[in-house]
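To start, I am sharing the structure in question, which I have written as structure tokens.
A, B, C, D and E are the chain letters, set down in written order, and residue numbers restart from 1 in every chain.
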Amino acid sequence: MTTSHNPTNAAATEPYVLNIGPQHPSTHGVFRLRVVMDGEVIRDLDMIVGYLHRSMEKLAEERTYTQNIPFTDRADYLAAMSNNLGVCLAVERLAGVEVPERASYLRVIFAELQRIASHAMANGTLVSDAGAWQTPLLYMFREREKILDLFEMTCGARLTTNYMRIGGVSFDPPPEFWPALQELMDEMPTRIDEYASLVQDSEIFLARTRNVGVISAADAINGSLVGPALRGSGVPWDLRKAEPYCVYDRMNFEVPVGRHGDVYDRFMVRLEETRQSVEIIKQAMAQIPDGPHKTDIPLALRPPVGEVYGRVEGPRGELGFYLVSDGTPAPYRFHIRAPSLINLSLLREMAVGVSLPDAVVALGSLDIVVGDIDR
Amino acid sequence: MPAGPHQLDGHRVAARLGAALSGIVTRATDEWVEVAPERVQEALRWLRDSQEFDAAQLSNLTAVDRHTSFEVVYHLQSLDLNHQVVVKAIVADHEAPSLPSAYPVYKGALLQEREVYDLMGIRFADHPDLRRLFLWEGYPGHPLRKDFLGIGGGRTSGLGRFPNEDPANRDRMMNAGNLTSQDMPPEAGGHGSAMASGGH
Amino acid sequence: MESPGIIIAFWVLAAVTVGGCLMVLVARNLLHALVFLVLAFLGMAGLFVTLSADFIAVAQILIYAGSIAVLMVFAIMLTPLAARDNANSLYLLPALAAGLGIAGLVSVVAVITPWSELKGDALGQSDPVTTVSAIGDLLLGRYVLPFEVASILLFFALLGAIVLVHERRGPREGS
Amino acid sequence: MLGLSVTLAHYLVVSALIFGIGTVIALSKRNAVAVLMGVELMLNAVNLTLIAFSRFSSAFGQNGQPLSGHVFVVFVLTVAAAEAAVALAMAVLVYRQRETVDLDRINLLRG
Amino acid sequence: MSTAPRPATPMARQILEHRSLLQRAYALPGEVFFPLLFVLLGGLAATVGIGFLVVAGYLDGRWYDIRDLGNGTSHFRYWAQQQGLPPSVAYLTTALLGGIGILSLVGGWLVIGSWVERRLIAKFQIRQGPNRNGLFGLLQPIADALKLIQKEVLIPVGADRLLFFLPPILIFLPAMLGWAPIPWAAKMSYVDMNVGVVYAIAISSLGVLAVFLAGWSSNNHYALLGAMRTVAMMVSYEIPISLSLLGVVLFTGSLQLSQIVVWQQTYHIWMVILLPFAAFAFLFASTAEINRTPNDIGEAESEIVAGFHTEYSGMKAGLFLAVELGNAILVGAMMSTVFFGGYSFFGLETWIPGYLILATKIGAVYFVFVWLRGTLPRFRLDQLMSFAWKFLIPLSIIQLLVVSVESLVIAQSDLPGLATVGGSVVVNLVLTYFGVRAWANAIGYAPNEMASPPIMTNGVGGLRAAEQIRAGR
């Protein structure tokens, strides 16, 4: 046995490697963290992704633009509507397709519904990561279920909706959709209050999330964080305000930003955003005009040679589609700027040096979707 | 041109960038500015630190395979000024492409560069942790390259032509009412005619 | 006349205790040895019960099986894998001789001594004896000085253990 | 004789055996924690002796006087706990300094 | 948009009636029955005892008071003595029968408790819970047990086989032994030992070793991490438990659990009113000892999967789960006995058998455990440790000082018990309220400042805007 006499470097325990995932309750999918731990404290962290990699960008090069829309459902499978919207807007800008006004309103309504559903999931799983045995999660699922019912009513699918089309949306909602939506929106604020009251002021939840996983505003910007992770750090950046697409410039809403940039702030930003989404949907319902829901486009849409970077504010942040067209019906390059993946850029900084439970909560607050990471 | 609503004119960026760092701009268009690949880090740092452009965030980083070269595309944005700057670097070496990393300038490049390395095979020098991201070490090739698993018969990957556009099928489809004349390209033929029998 | 229950209990517990001790000596793995040590402690607590020392029995479980064993667990865990064997040293034979000598000598003395002063037929009496309050009276009465000394000893042992194991955090930050 | 009733001598023999085994463990083991186990067993044997003497004295149960044996055991338990805490802390410390808990290798005082 | 009347299509109707379905789920009577079921089960499981009583009554030719099954034991002994049997035979027989009684009681509760827990948590989580097997899904635990039994028991590679085999058994022992001193009625306890409180603490400390061995022998980092967490937590929280029980012991002047109940009966007061902080400390520390929310960090499923029993499968895992549940019931029994008057209920125990009252109280405490589990997030290990060492233990010690003075006053003064005990209640309530607040302020804990809603803005911007917003608040 070596007798390296080094009292200052007295390791209390031996560091060891812990594999969190690919099958683990807190990774929300097949996502793996290889963590070097010293007791309870994380000394190093390496993330291993790709278990769900379907090479979507390669597949897209063999398919027309319309055929690519269903792929985006499967990328971020918790925010299919937003993904559909993003790719449609990008293609429309590339090909110069006009969208009827009613379709724009419908897109706003469904994108915001999707945001509510996705944030409910994100916040629910975050609280579940903090150990609340799924009660808040199931409360938040209550409204998510109703929203998915509305999706099903409109386009027949709940999760992978494939609802948006280039030039509009695939279906006009049925007449019974509107009262159901109205009723949901009427009860939504009290429901949000209800599930906020479950956790928002819970001292245990506060103790677990306050000053945990703190990201400063400068780091968040430099680390390409987007969405609630960026806004949680106090940066008022929302593409719906900054670069209004569809009819967001006619909507009156506010952007919540956090105070400390910790897990609690990201949670609260998501919570407030659901409230704002309800407001947006109410305004859109009041303003929506009659008219066609779709313009006809050629089956083989041939955008001119060129490139476009279209982006929307998805539930997880800036969702970009970088499309390069060579004039053929299929994109030459189809790149999805996945917020889930890029938000993980700072995970190592957040997790190294803190204890395992903090790292789990910090990871949960980034709201990753493995389909979006791997694509 | 389909530029984003807040995207800056590439010529304007090129003028200022070229004035500050001489010889760095190789080309500029309405939409983007092309910089010398070996000096891309310098260009990004200048754009990030300049008062005028304030490109604080690397919004998107990706690459495009142009058969003989690679385009690495940087979408930068300023949150305060609310505009976008698109920077491109053309990597001429298609066999062993290499480029300085943007990580020293933007921490957000960490995973995006790994993704580009994994799928396109572009090496980023002085990237702290350049490993494959999605695929495992030892995976043969880089799948997003156009010559990956080269298709026989001189075809390149990509959908050259919508299958139903094959002149042989054209009349049949139009008779069946599935197509309108609007769906047809202006001229028949083209480089993708082999696709018609491809059964995609 | 003693009840057969007590006699059976004595023999079983004595066998468990001595067997546990022997296994501590024999076991190759330190953690196995620890398990047998706890078994021996529990057997000892049982022997205390047969001697109507209920408070001492419970204290034995609490302190030996509950606390000291856990302390040992921590000590074992804080040292590396290589230190978890229970090997004997070169002194095994002399130690065996010494141990057997002591045990034999004391046993012989214990058996041949008449113990005329101590012939209480204690095991036969059936009324439960309350020892707790009596021990408490003694501790705070006749033995109050040793009691206080013991508490001070415990306090300083606590402090000493903390001081010994406390990590000096300063220089580690740089590395 | 031994099979019919349990006398003081039985307890004393058991305690002598435990004490002997404890001695062997304490003297022969190389691991510091194992040595501590031996010492604890020896203390336990003494406890058993004390309790047994207390129990078999004729005055047991009267005025609580013979319970002095119990009080001694309480003190022994106290000292044992303190000793275990300090000894194990020392074992950990020695491990940190010397990277071993093998008592044969801990020869710091030999220089 | 249109304000259409109520939609006609089935799908839309279904969506609109979604909420009323949930309301119906709320209103289902399942949870109304749970206390009733506990009481019934208390009675059911005591059937063994009652049968024994009837047999004893037949043998002795007399009719017995079923309010206290302890009567049966003494009569049986009396009868055995009359028959000339050696007393040890009578003792052993009663011990055996009592053991069977307790085991069947606890076993029955394990079955029902798991059903109640799943059912109740389902209600808390606005879902139905198990409702397919039998009436209200009552047969679900049996189905679970059958499933667990028929599963293969895996031994991981590299596991220490002996130490891997032992823990499920070792951990089962304290969960069963702990029932021995609990008094179910005035004379009805398995062993009415005069060191009952210390015995309970000592027995609960035995589980630590089993937990550690389970985690260490599994050769799994999650298991080891969970075991070390659990051991650290159990060792720390034994101290608040002991201190809170010591306060009770100071008042009652006895370590005997039956005497503690009798004391509460005598003064017509529950210890929880007299010692609210001790009751809270005991409840909180118990959740740590038995690994339940909010202190279930030893098996925090979002962090370390299942903690120390990650690698156990089949009935061994089932045994761990059963012990967890059994411990909850055992703690409920201790809690009811020590702090909630045990088998007594202000004179009601003369009309209703004491064991039924105790069973109801255990059910109530168990309900609290389930409630906590359905509601609260989980602490972090260091937070739990600081809560124990910086909050519970100092305050418990201060409380002990106050209580020792009060108990002296109650024991020595000539005033009537009502005055001294009532005075102590007032003093303790006031001191607890202000003491907790003052201590929380002293250690700098201010939760209300921590809960801050986000700032609502209307503009967009980057770092500069963020700094402006931050400066503006």
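By definition in this document, a contact is a pair of C-beta atoms (placed from the backbone, for glycine too) under 8 Å apart; a residue touches a chain by one contact, two chains touch by 3 or more.
Only a predicted model underlies this, so the values are computations on that prediction, with no experimental measurement involved.
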Touching chain A and also chain B, the following chains: E
If a chain touches chain B and chain E alike, it appears here: A
Closest chain to the centre of mass proxy, which here is the mean CA position: E
More contacts between chains, C-E or C-D: C-D
Chain whose average C-alpha position is farthest from chain D's own: B
Chain A and chain E, separation of their C-alpha mean positions in angstrom: 40
Between chain D and chain B, distance of the C-alpha-averaged centres to the nearest whole Å: 77
Averaged-CA centre spacing for the pair chain D and chain A, given as whole angstrom: 64
Residue list for chain D, restricted to those that touch at least two other chains: 99-100
In chain E, residues with contacts to at least two other chains: 228, 460-463, 465
Two or more partner chains touched - positions in chain A: 1, 10, 221, 235, 237, 242
Parts of chain C lying in touch with chain E, wherever the complex brings them together: 3-5, 29, 31-32, 35, 38, 54-55, 58-59, 61-62, 65-67, 69-70, 73-74, 77, 126, 128, 130, 132
Interface residues, chain A side, partner chain B - complex: 49-50, 53, 55, 57-58, 61-64, 93-94, 96, 219, 221-225, 235, 237, 242-243, 298-300, 302, 306-311, 318, 320, 322, 324, 326, 328-330, 332-333, 335, 337, 341-342, 344-346, 374
Parts of chain D lying in touch with chain C, wherever the complex brings them together: 3-6, 8-31, 33-34, 36-38, 40-41, 44, 47-48, 51-61, 64, 67-68, 70-71, 73-75, 77-86, 88-93, 95, 99-104
Of all residues in chain B, those that touch chain A in their complex: 1-2, 4-7, 31, 56-60, 62, 64-65, 73, 75, 79, 82, 84, 86, 106-112, 115, 119, 132-136, 143-144, 148, 157-162, 164-165, 179-180, 182-183, 185, 192, 200
Of chain E, residues touching chain C in the complex: 86-88, 91-92, 160, 162-163, 166, 193-195, 198-199, 201-203, 205-206, 208-209, 212-213, 216, 228, 231, 235, 238, 255
